[in-house]
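Note that the chains are named A, B, C, D and E in the order they appear, and that numbering of residues resets to 1 at the start of each chain.
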Amino acid sequence: MTLPETVASDRATRADEQAGHPVLAARDVVKSYPARGGESVVLDHVDLDMADGDFLTIVGPSGCGKTTMLQLLAGLSPVTSGAVRFTGTVVESPPPGVVYVFQQFAKSIFPWRTVLDNVVFGLERDRGIDRRRRTEIGREMLVRVGLEAYERHYPSQLSGGMQQRLAIARALATSPRVLLMDEPFSALDALTRAKLQKLVLDLWRSLGITVVFVTHDIEEALLLSTRVVALRKSPATVDIDLRVDFAHPRNPVTLGEDPRFLAMRRQLLDSIYRQEGLSYEDGAR
Amino acid sequence: MIRQLSLRATGIGLIVLLVVAWELAVRLQLVDSPSIPSFSASVAALVGGITDGTLPVAMGETLSRVLVGYAVAVVAAVVVGALMGTSRFVYYLLEPVTELLRPIPSAAYIPVAILLLGVGSEMKIAVIALTSFFPVVLSTCGGVRSVDPILVDTGRTLGYGPLGRLRRIVLPSALPETLTGMRVALGIALIVGIVSEMLAGDTGIGYLILESQRIFQVPLMFAGIITLALVGYLLNLAFGRVESHLLRWRTA
Amino acid sequence: GCGSGGSEVNTGLDGLRIGFFTNGGQTPTYVALTEGMFREHGLDVERVEFQDPSAMTAALQRGDIDLMSSIPGPPLAARAAGLDVQAIIQNEAAKYEPPDSGTVIAAPTSGISTLGDLPGKRVAIFGGVRSQMNAGALWFMQGQGIDTSGIEFVEAPFASHLDLLRSGQVDAVMTIDPFSTSIEQSGSGTVVAYPNLLANPGAPLSAWWATRAWVEGNPDRVEKFQQSLRAAIDWLYQDEGRARQTVAAFTKLDPALLANMPLNNWSYNVDEKAWAHNVEILVSQRALPAVVSSDEYWAPSMRTFVAASAVGR
Amino acid sequence: MIRQLSLRATGIGLIVLLVVAWELAVRLQLVDSPSIPSFSASVAALVGGITDGTLPVAMGETLSRVLVGYAVAVVAAVVVGALMGTSRFVYYLLEPVTELLRPIPSAAYIPVAILLLGVGSEMKIAVIALTSFFPVVLSTCGGVRSVDPILVDTGRTLGYGPLGRLRRIVLPSALPETLTGMRVALGIALIVGIVSEMLAGDTGIGYLILESQRIFQVPLMFAGIITLALVGYLLNLAFGRVESHLLRWRTA
Amino acid sequence: MTLPETVASDRATRADEQAGHPVLAARDVVKSYPARGGESVVLDHVDLDMADGDFLTIVGPSGCGKTTMLQLLAGLSPVTSGAVRFTGTVVESPPPGVVYVFQQFAKSIFPWRTVLDNVVFGLERDRGIDRRRRTEIGREMLVRVGLEAYERHYPSQLSGGMQQRLAIARALATSPRVLLMDEPFSALDALTRAKLQKLVLDLWRSLGITVVFVTHDIEEALLLSTRVVALRKSPATVDIDLRVDFAHPRNPVTLGEDPRFLAMRRQLLDSIYRQEGLSYEDGAR
């Protein structure tokens, strides 16, 4: 499970090139969808900068626009006004260097490709990488996510957790600078979730990438991120922007008893519960 | 394993039973007509027809036309089906014509086809291609339309353009449905191939069946039908093999 | 000329593609092919087999074949619809005396002994009520005051007529050889009438047709073809035993069946009155829209074959 | 809405275009054949045939046979398909026969059917039923085999026995696949109905088409084909309506 | 969200009839599956009694046999030896009165039936209940799970959480005495999970039913149950059997700081981590 943390990624150097500049930035972004009798504004003049190497988590009530935000950052959906910039360039279509991991992992994996062929999918576009090199990179990624024994299996033969590992490996095989993840673990059981959280943190640290993560789980957000942003609802704007500066690795048991952790948790929960129309005590079971 | 085999044997058993019933019905003159030979006479004719090459040659002629027409149809139908599935314009453009032409039996347009293409193999291949086109086009279109958008978005974030996505995501994803249409079309292609031979020309198993009927050689006629059934069965089996190979990821 | 293959260059022969259905009536063509009459007359003939008259007509129209052999009904109907075709030589005609190849056969238990017994019965036919023989039978019966609307005709392939008769599905069948003979031999029915003899003895049963344009453009080939076929028919009449063997070889029918089957009345001699009467019958049964004179649908050279009757040659 | 309508109109537009091309080709004698009438002549024959009742009567005869045969086939095929899908024994028993009989074109066994059942409606209905049986049996069997075991277990914990589960869970769950087979079978039933009329009998639109072809009343023949195309189209449309009603939960 | 806790269920009386007797009991249960070269024993002489009104949760490492155990209790799978008894009667097929809620809720719902028709499915078998009464009961259940506004919707129009609510409503519509739930919430996101936990507790308390629950999430187990049983692996036997006697309702924040809670949690986590071949510190992220 433990990955070498000493691997100094070749991508780490790029951070210096643009020191101080955000790797990904949303500036004055408005997003609206056509609705009955006009437009429905989902994101209203949102600004958000992601520094290189950040692990930024977006939380917020259901339907507040987290997925929408992530899709704008990925270039999967066009902004209504404002701009998303990746390393300074305006994003108009999915830029190479930004990859996306979907919540519905089962639907994001090519069921007709073997595990290895799924991983190298993003590399096949690149004429500069021959078959051997592709396989090499693919295998390397499979080792990193612990699926090296399954390279010839088909996705249907994998458990949910393994499928999501595969999706992550596929995304990372293209050496991206930014990894966007939309509730990647919310469809997994507790134990599998814990294992994958650890995996993503290991990868983030060893590869030096920037991660933008969406979750409903406040504990998960605080356990993983260097920064947590809470959105408010309709239309979405940034409600809370927290630096989470606990050192990694973080032990969930001891951290769970840290008063600063508990304070942050309460602040975030408050924001969400308020917007869901619940009082904090409604959480009692 | 053995249980599996003996289970499979029941099917063969039923066929044997039916064949025995056929033989007895004719022998005991329960069915007594010059139109129905005994099974043994049909098998004798089958063996004779195979030995003297008549049946293999006729079947070969039919099959070669059927397979060419079918191949043409599949290629064209996958292209058109993909277009219909991805573009609403093309869909609404072609859907009504397709649906209008589909119910016309081939026997009705073969004379028109002869007029345009003559009585040779081209006409037969064209008719085979035309009739087997429809199932594939409709199933491919359906398959393409139901591709999961998440799969397509995955392709986008990994840098593929529309053509790359079509080739590497949309068509493979629609493959199971395309194959369903292709299986239906294969059966149709064979039948239309036979029918076209029954109207014009002097080659192929369809002609052989009709010809032996005309000259009261009903055992040979039945030998032709048996050949056709077996070849159809084997074609379908082969198709099934290819299909399960292509879709091995499903059962894996 | 269409259909003239590259063989012309190699052999010095005129290429010709001809279409027909295999049946005893076409034996002369087979003879001309196998005994060399076509070659002797400078023709290189390629035979194209059909099973369906509309398919064959479409092929003629397109030029896939230069000539087709057919009973006059379909080409005359095609002519009325705008395909200008002409007959160039007759091939087979109905007889003047029984037995004829076209028969009405009734099941022994049906109680049918004359055509007058048919109303109220089921009769299997093939080719539709407007086909030449069926139209002739109807015309004849109508002339006898028989109420033909009371007869229930059902279409079925000739090959099924015996089964239908035996199973009692129909009371009678209108059929042709070899089916007539086969049914008679099996004892499943007895001949009630020979419709061709009653309606139009000597009527053309098959002739060779081409488009007027082709006839006018290829007078040599027309003549060569007529001479070849004439020679073939003469050859058939030289030796009856040989003729039967040839029919067997051509049609591949069981010789035992053929032994009891009357030989076809191959004949290039045309009975002009029978041709004209044939048209009248077809018009009376609405198989043709209007009466036309033979001048319209005979190639001029057909006239050389006009005789008082069409018996034999 | 308007955009949607104008998109749909493109399909009608294409049909109009093809029809105009047909009319012009005949008028300008680009195609000049007694086998191909002009569109206007065909429409005139169509109107005439509808007015004097010929076409509606013929189509009605055909349709009534087709629908009876089809209904019989569907009921039988759903039962057999369900048995094949639930019992491996029945599956292995019937699968080989089914696959052997399937490729035989109806034209080849109609003579046998005539022998056994005559030339009347019974024979035609039987042939229609037999040929439309296969697609439904195979698709139902496939659908039944792929029912999710969790769904079946849900039925068990809620107290349903095997029959109740079959009726309330297995068959409804297989319905989409059954309907796919039924749609294919409907097309086949119509075509076989026509073919059977072309071979035997004296009623129905198939007979009408053949008869008018024989006497070169090609406008009437084309009127028959147009009727057939329209009826086939409407049948398919009606089927689609019923299908989307039955499967409304899918798109809901 | 809050359901009336005062509803004295008519089923509560039944508890008295059999006071002291377990409502559901596994006695000396062995379960083995045919495997290559013989049998693979999954459950090895397991004894487990469920008292009326219990909320019993089974935890344990992956593949230890939790699902198998639940399926034996439901009568969905036959025991190899030993016996399962429901109110004293040996269970051979699914007994009326015991219902099952599957983890894969999406696959357990009849997609061709409306929400209301799904809920009344189990009642349609009963000739004694006419259509009107069925609809009445169905509507009542929908109100209880908060789906009353969706009775005419089809399952595909519901979110995952709503689908699982529907599955629960359908199970409870038949007035069961025992509700078996196999990881019912593990495929749901954190917020939805929290809402459904609350719902199940409310139903359990208001209906007086017995719940047997399987989960991977130790916090969830401790937050919900009156008793937690940890299975050990291959073959499974009972490793830990804990009474969890915190009063309901339980506030996750305050309970999370209770030393007894933390001790129980550590004990259970230890058991699982040990068997998964991990040390407790491996949980650090």
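Here are a few things to note about the model shown:
Criterion: contacts are C-beta pairs under 8 Å (C-beta built on N, C-alpha and C of every residue); 3 or more make two chains touch, one makes a residue touch a chain.
These numbers come from a predicted model, not from an experiment.
Under the touch definition stated at the top, subunit A and subunit C share these contacting partners: B. Common neighbours of subunit A and subunit E under the contact definition above are absent. Between subunit B and subunit E, the least number of touching-chain steps is 2.
The busiest chain interface, judged by C-beta pairs in contact, is B-D.
Seen from the C-alpha centroid of subunit A, the farthest chain centroid is that of C. Subunit C and subunit E, compared by their mean Cα positions, are separated by 85 Å. Spacing of subunit A relative to subunit D, judged by their CA centroids, is 51 angstrom.
Put simply, the C-alpha centre of subunit B and that of subunit C have 37 angstrom between them. Note on chain placement: the centre of subunit B and the centre of subunit D lie 17 Å apart, centres being C-alpha means.
Contact with two or more other chains is made by residues 33, 35, 111-112, 115, 198, 213 of subunit B. Residue positions 54, 57-58, 61, 159-160, 163 of subunit C are each in touch with at least two other chains.
The list of touching chain pairs reads A-B, A-E, B-C, B-D, C-D, D-E. Within the complex formed with subunit B, the subunit A residues making contact are 74-76, 93-94, 96, 98-100, 102, 104, 107-108, 110-114, 121-122, 124-125, 153-157, 170-171, 174.
Listed in rising order, the residues of subunit D touching subunit B in the complex are 7-15, 18, 31, 33, 35-36, 88-89, 92-97, 99-109, 111-112, 115, 135, 180, 184, 187, 190-191, 194-195, 198, 206, 209, 213, 225, 228-233, 235-237. Remark: subunit C residues 53-54, 57-58, 61, 73-74, 77-83, 124, 127-128, 130-131, 153-157, 159-160, 163-164, 167, 169-170, 286-288 touch subunit D in the complex. Per the touch definition, subunit B reaches subunit A in the complex via residues 148, 150-151, 153-154, 156-160, 164, 168-169, 172-173, 175, 247-250, 252. Across the interface of their complex, subunit C is touched by residues 33-35, 110-112, 114-116, 118-120, 198-202, 207, 210-211, 213-217 of subunit B.
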